[in-house]
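Listed next: structures, encoded as structure tokens.
What follows is a pair of complexes built around chain A, which joins chain B in one and chain C in the other.
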Partner chain A sequence: MENGRRKFLKIAGAAALGLGVKPVIDAVAGADEPVKYVAREGALQAKRWAMVVDTRKFTQELAEECRKVCHAEHNVPEIENPKHEIKWIWSETFEHAFPGHEHEYSDPDVMTRPFMVLCNHCDDPACVRVCPTKATFKREDGIVLMDMHRCIGCRFCMAACPFGARSFNWKDPRPYIGETNDEFPTRMKGVVEKCNFCAERLAKGVMPACVEVCKDKECLFFGDLDDPESEVRKVLSTNHTVRRKAELGTNPMVYYII
Partner chain B sequence: MLEKAITGRAGYWIWVLLLLSAIGAGFITYLFQLKEGLGITGMSRDVSWGFYIAQFTYLVGVAASAVMLVIPYYLHHYKKFGKITIFGEFVAVAAVTMCLLFIIVDLGQPQRCLNVLAYPTPGSILFWDMVVLNGYLFLNIVIGWTVLGAERKGIAAPHWVKPLIYLSIPWAVSIHTVTAFLYAGLPGRHYWLTAILAARFLASAFCSGPAILVLLMLILRKLTKFDAGKEAIQSLAKIIAYAMFLNVFFVLLELFTAFYSNIPGHQHTFVYLFHGLHGYGKLVPFMWTSAVLGVTSLGLMIIPSVRKCEPVLAITLVLLIIATWIDKGLGLVAGGFIPNPLEHITEYFPTIPELIITAGIYASGALILTVLYKVAVGVKEENEA
Partner chain C sequence: MMYDKKLIIPGLVIFVWLMTLPFWYNSGKATAAPEVKIDTPVIQEMAEKKCIEDKQYMREAHMQVLDDWRDEVVRERKRVEVTTGGKTYEMSLQNECMKCHSNKAEFCDKCHDYVAVDPYCWDCHIEPKEKK
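Presenting the complex of A and B:
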């Protein structure tokens, strides 16, 4: 009897340990693997989504239009206080988009041009690496997404992102949304958010909102980096392009023609 | 043993009530923060961590510094630390508890904090920080309580506690190393992106933590019959002097690399903190206070006659604590975010609600420490009687 009870306790203990260890092992094994998803019929699909910005053709008005359309589409609040601002896409001058690359004899046209900045949907995203809950993750097609319901609001991703692409909801954003778009969720206070490369539009078979805004101007290209026939690949092979802080090794997927 | 904490003189109860009211004020302000969001703090889109995470970082160091007693006493059998090692371990308990509270109040969605366990992510340093901090808290509670319980009964501590004590040594180093890795592994944050950060953290921890402990021992001597002993305090003072020397030396190494290499990104935060950048310089007076007090306290600490005079030692340690606290608890975290990745400058300063919540957490730590010290001193007084 004594023997039986001991044996039982040993087995039960080992089993409990095994059950406790399993999720950790699974997590280690699955760390950094891109998240698979099932595309709906009619969805735009790619192996690796990327964007090319032709800054030569951008005007202040167009930049502002992109920002407005994107923010309206995604229920991004308009908060006056710059400390609490939420931004998905916005324009910067060259010296802020590419700090350290300006010099005193730089072309004034380039220096005053609007540079659209947004999440770079990096191939090796630092934000995904640091997130303690996998609330931010990279999808198989390269889009870096957020699960707003899982985010604990620790803001480690904001410290990790070298592009300042992420915003935190310092207060309830809903009173600051002009007209709510019922097609897209609003957020609550205490979570981080950022550009999602319009994953919700791609799922419906339409191009990202900002790309749509720039359609006739041919200054924003979006497509599959893995497909040699895609428009982005053609633009990249015929123009010299640069990426923001490529030296940091995050492998940004937004390219700029200067 | 805990019953010793519920008997005390009027002064004890006034102190406890004072702490409870500070905790109450902090808690009510926290409820306000929970309702309104973290926007009531001075943090912003650009400076997205502030006072809370800075206090957490400072206190991880205080917690880790218990090892400066554990190593001499348990590994080198330095008997003079026998009486006070328990007090170092209890400081660690209070400090780690405060660390955990500071992380909780910094979360945007604290009710989801168990997501860290539900979706364990070993690639995230924050996951490991959670593991090592909770482990360290557990180790110190178990070790401290068991050793004190044995001392009360006048018997040797049980054998099983020895491996835990040995384990607590690398564990203490791990909590501050992992905390440094939160910062030191981020691309594009030049001020933090330095291989020496963990070493710097440990050096500043091993001077500021024992400094706090020495002050606590001097207070205990005044208020109770417990005397840590002159020799133990002098040994701690030597440890503090060495650690403070390393701390200052490491900061100078950072300055050399940043300014001799002449790489702008590596200099920006230093320039912002000590001189001001593009007209912004809110933290400049604080950082110079830190630098002057740091060098002064180091200078005093290395003079043997100064160290040996306890009243002067006490004042020197206060200067040292202020210097290291400003460096880690104010400059390090906010400074790392300035300028932002796009080289815009948003300054940071804590708000009143943020300070009240912070004070509430410090009061919680002080209350835990008070109760634990009351028990420990009670046991020691009882045994001597």
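Presenting the complex of A and C:
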């Protein structure tokens, strides 16, 4: 009897050990190379993407060109009704872009400039904090991005964003898109959308569409804030810049040279 | 003991018949599984006519594949899949899958209609322009 129990325990122990080891052996012996996901070759990478707008050189025409190119690239509909309109990038007056900073003796030259505004891709984005489905999230490189598949259209993010950078699709946007860019999806009724810092272009190794438009004018800079040698850092260190509503603590990543 | 047996039993029979009516109505009328033509001009020109995985796997798991792709592309900044065979594919429904499978009506819709599923891919993704 005693012998029987000893034997049983030995066999049970060996069996348990064998079961525990099996996954390890499977993993080591797995000859098939697993499927891998990698970044595209030549994709632009950064630790912290940021943008600098030189408002001294910006003109209304240039801002309009940026808007047109961006909206065409991303299949943004042109809806006349301001209650339904969708905006990724647009031009704003000084008192709307920087409320509270104007006064009755302000420099009229500055007050009449167009201020190109877009999603600030904040470092501490309010929209991300309120999104109940994690449809809006901050990518590792700082871009505040949306996963349209997850957006339920609750518009918390629109209420949270202090910059009005987000638009809601009150109706199917497709009939309002002129020429569709077949490389990029559209949106559907019931989702929020905003600027994506041209994440799809960066993945291809090209600069954002608006930056491309302003290439020769040298009034729009885009680059890695984490790299001291980058163009944005050089521009920031040699010019005085302000950010929109920085006092709210969202840490916007679009800087303006006034 | 049961009162109103004459009413209750026929009533029950009618109730069960009514509730199972859809089954009676459709019995013996099984729709034939769709014959899907997957040869498009692009596929015809391929030396090895193979998707990223074999046919059976793609049939059973294409929805998981697309789901994984979406998360990798949108959240992980990875846009290319290297398959077990070492081939690389752009992880994009609109810009990769449909480049070969340009016949959406045949390739997607036929089966989806048959199994009565209605995925909303094409509410946003732009379907390939088919020659009618």
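In the analysis below, the second predicted complex is superposed on the first by the 220 of 258 C-alpha atoms of A that agree within 3 Å, B and C clash if a C-alpha of one lies under 4 Å from a C-alpha of the other, contacts with A are read in each partner's own complex, and residues count from 1 in each chain.
Everything that follows uses one rule, which is that a contact is a pair of C-beta atoms (placed from the backbone, for glycine too) under 8 Å apart; a residue touches a chain by one contact, two chains touch by 3 or more.
Owing to the predicted nature of the structure, the values given are computational and were not obtained by experimental measurement.
Chain A is touched at more residues by one of its partners, and among chain B and chain C that partner is B.
Look at A:156: by the touch rule set out above, it reaches chain B but stays clear of chain C. In the overlay built on the shared chain, the residue A:43 is in contact with chain C alone; chain B does not reach it.
When the two structures are aligned on the shared chain, A:249 is found in touch with chain B, with no touch to chain C.
Of the two partner chains, chain C is the only one touched by A:182; chain B is not. Of the two partner chains placed around the shared chain by superposition, chain C is the only one that A:141 touches, whereas chain B remains out of contact.
After overlaying the two complexes on the shared chain, residue contacts for A:99 are found with chain B alone; chain C is out of touch.
Overlap of the chain B and chain C contact sets on chain A: residues 32, 188. On the chain A side of its complex with chain B, the touching residues are 23-24, 27-28, 31-32, 82-87, 92, 95-97, 99-100, 117, 126, 129-135, 150-156, 158-164, 167-172, 188-192, 245, 248-250.
Listed in rising order, the residues of chain C touching chain A in the complex are 70, 72, 74-84, 86, 88, 90-91, 94-95, 120, 123-126. Chain B makes touch with chain A in their complex at residues 36-39, 43-46, 48-49, 103, 106-110, 112-113, 115-116, 118-127, 130, 182-183, 185-189, 264-265, 336-337, 340-344, 346. Every residue of chain A that touches chain C in the complex is listed here, in rising order: 32-41, 43, 137, 139-141, 145, 147-149, 180, 182-183, 185-188, 203.
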